[in-house]
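The letters A, B, C and D name the chains in turn, as written, and every chain counts its residues from 1.
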């Protein structure tokens, strides 16, 4: 009865305990022209750009939403005619949010100051450890403390190489909590909690929206009036009006993340490439902007935390690996490239979906959905 | 080079335009004991419970996170020893958020009052239409207006049967905008925008968190002290302390959705059963609670909007259909059952993950991740 | 030592227990041209407009911020040249948020459904009561329930005549909780809490921002290009650009209330007229918009909940009464008039302050503050 | 007709342009026992505690809310019996949020990096300036940049001595924008906006809630069971249950600031002491906690940004100066003392108001309001 087949390789069947089958999602592709930055982490943990090149890249999209791939492709085509996407990696940090419950705020404040003073030593402690439990890929960058009541919340901020890194930073954070903070703290600690919600791990929050969790990436494009008319069948004025109403609609409904439909694109690339689908919601937090400029419209989207990896997790699954390879994003040294391509894909969809909504009565959007409704009811 | 195989059936290859391959995700299963309500929509659009039965159900989880299925199973076992989950469907509405831009707020207010007075007629209009473009499954329930500046935002609220329904409500909303509101409005309308962000379609917002989008579901369980100790290896006092610190951590970081890790479970069930993965973020919006009671701890989670369907979208894919069948959730008449099972699965994970964090130093959590880190780096 | 003077009348010295002195704040005035609606509550609790008239009204501003009154006056002058403000009262509700803690969510849901079915009877119960503790001014309009965990939160929604009404609705809500709900509830109730934070009483929240608390009021004006240039020394294009950047700045910083500086105006009118200064924060929640139109710029501000009264509270203080009288807003039947004037005053300041910021480098703003810095350091 | 009297001194009549009268608010007092820290700013801008002393201080409260002063006093008495309040100043920063609009995100990112590299030089530039327009009290501490679209938002973070400092930091920020950034920027800047909403000036936001604006202060107290019973007429268990339900009610209603009623206390002290009443909403942003401990209950409140001054603004008004003098908070060197007393006063009210709500049916609260309803309707 179960859709289980012996044909699947061990990478698939051993990906989790008690695997008994698979889920298979169709994948279609779109092609994007992108000016990609070449980035590397500095010793201080800054993301530094060293070069920039325009490429045409094929992006895989796993989904069953009729019209979605066509919409991404349409947005990408309009941008290509306008000179291509430009993408930037702005920062790289991922956070495990521990919490130490003390007797009172006085003690919690003392602990917070002490933790602030120990970050260099903590880094050395982790580096010096011989424990096989610790990950060398997860490098402690900062420790942000936030005292409320008797709680000293600590956001351990890490870089994690080419993996998303939740497990490696969990192990290292745990080591800091248990082997560094607890034995050495200047005040008694009643409870040490490894995770107490401040960090944004699979949980959208304003902290996540502003300070990030994963790769902070901006994608932008300046659409020409001609591309807007020929490909998107609308005008810069219409797009501008939609952006205005949509931003105020977002405010009126209390969106923390103000954009049009980034989650559709994020989910589709994540599902194709073996990313953690539990991170679709957080990685889709975004801030989109639109602005008329001479001869067209500037559009951009800022992702505070794309939780992407090119090694680890599901990226080793056979299909994921093949799709990552298609993008030249498989394996070490590719994570900033991959993050930029995810952002550009999302911007392509933002542009096309907005265009569909921007015309009188959103007639285009309606037709797109009506004619290509696919499997939808 | 592409992982494309001719072996896939047409349901898969025609799910989207230009499908050129697949993504395959391993699926493992957990078993839950749940008191499920039998629900039906009343004529007024209320969700009414008619019966209730305890069942043991197998739930499929598609993911590559080592330890996740084991954690769900552990939570489910603790709840089973305590008498099982109890789940409730509270409401059912999905929203398309249109916006009419008028000359000024005076006109927008006039329009809003008029729309409020026309809902019955609009319903008749849709019912009477012969257009094949319109869906009979999408029934207009209410129209909530919100005027800000010259904008009259309208949240068209629908029920959509056993499908999630974005396409069907899009078509019907468009018909209302273009064929009912525009020709009959008592004031001039400058722009009619089919979607302007207030409705929550793939966009988490406070409006979504409070008023819902999809099925509003609550799952709960009262854990016994014995189950907490034997299965979860912690105590009610420890769980209570974690819940307290975690709720304040959520507040401190500006989470709209306050729970521990619902997205992991939502994503895993969605990926297995052909749900729209772009809705993982919104459907994971949740409000979890924990409270000590005599002899144990009451735990619950409220999902304001599980965007789930048992027909349409990806549910017709071969693997999705098989996994839905395993849960007895395939096809018409099953959507409230499915929504309850999704919520119960998420609560199982909340309980187990919280237990892992609740002990001194969260030692259990660390071990769980360390020993079963699976494919993670 | 204390600044106490026997000269103060009894209304002042008996305003609170143990009054031992006074605080005196200077008041200056501005004049506004406003198209004011005449409003009355319908039997169903809707605010209905019956007439509209343009008036020139003097508004008192109590504050020590150099330049503030001049700025309000400048904005008002620009609007006057453009035809005047137009104001609308959209709704009128104030809320006491009680909470009943039950055994579990099942019971809480049963209670919620029951409360929903009893609102008419509750209204009759309150009307029929002979208790001198109850207020006839506070009329129950709706009861919104929200179940999370074992809690059944209830937002008792009231109209309260010409007073703000926190005390009268507190008394009546208490009566409902203790004398109606507790004895008649279909499930056991463990705790009845009169206030549990959902209602917005002196606490800004998204619920407050969207659903209101007090009078929901919109003020608008369509500025002409000439008035913008002559009075505000800027252009519609500059104002539009500032509005765009400011709205995105608001989003980026997580403002729930998106406007420029409404609190300055709200506080100044409130302090002059004896309103509750603890409500300055909530009453300042606002949603401002700006939009270029042919020949100028449309500006508006929506206040979801102006918590204003023309009777009760501090409105009976001698100075407050005189200032209210100056506005023709003292006593019964004036509260909707007063609410509209508060909103218009705030919009005057929004326009002027925005204009000061909208020019290159915000030179005007700087000069305004520099030259009229008043008592500020 | 106007309540104008020649008797007022020039400090009052010249506080703003065109002063034509006054508003007079009755003031009552409460006495608090507080362990106050002695704090000073380090060269790096950290707030450093050098000593701590317990004092009994009288706090003035200007308001017309019957029962408010009595409630503050009751809370203070319970705390006094329990050993007194303990208060902490955690940080001191105030922000002017400027924005530079560039051609695109590429340029905005270049500008952001450049600004980050120039902070030391900017500080020197301000120090070296001979301009009488600049304030030496406002010291630039950091510049936080946030790029979204073509906007480079900059949060200029200042310390401002004993004044709140909006005018002085406005002048200095303007100087930086116009005389430093614009002439030296490495990219073209299209617009320099002095204020674009990210900073929290009179505008509550998550950024404000977490990072502060003014003095970040925590007040705490550990109530004994005896004090809870004798003075507050309730129990630690009841207070704990109220805190739990109230925190979840806050989450459910989307409060950014989670506390019970801080605005009442903040407004009353601000009105008495000449603080800017337009800052009541922001300064009332707070995060309150309650937690059972052996023998009682720990209660605390964190204010991220108390915008208080002991010089400048309205503090020079005759009545304000007298009330500040009563608290030993008038003039230079007193602002951290004053901030702590404001926080302790608010916590006194939190405790008392919570106690009133915590008992069965909140009977006490009802009586308090009913019997001492004062001027309220």
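Here are some notes:
To be clear about the criterion, contacts are C-beta pairs under 8 Å (C-beta built on N, C-alpha and C of every residue); 3 or more make two chains touch, one makes a residue touch a chain.
All values reported here derive from a predicted model rather than from experimental measurement.
Between the contact lists of chain B and chain C, the overlap consists of A, D. Using the mean of the Cα atoms as each chain's centre, the chain most removed from chain B is D. Mean C-alpha position of chain A lies 21 Å from that of chain B. Separating the centre of chain A from that of chain C, both taken as means of CA atoms, is a distance of 40 Å. Taking each chain's centre as the average of its CA atoms, chain A and chain D sit 35 Å apart.
In chain C, the residues that touch at least two other chains are 146, 148-149, 151, 206-207, 209-210, 247-248, 250, 252-254, 256, 258, 287, 289, 291.
Contacts from chain B toward chain D in the complex involve residues 206, 209-210, 244, 247-248, 250-254, 256, 258, 287, 289, 291.
Those residues of chain C whose C-beta lies close enough to touch chain B in the complex are 86, 88, 90, 103-106, 109, 146-151, 206-207, 210, 218, 220, 222, 254, 287, 289, 291, 293, 298, 300, 302.
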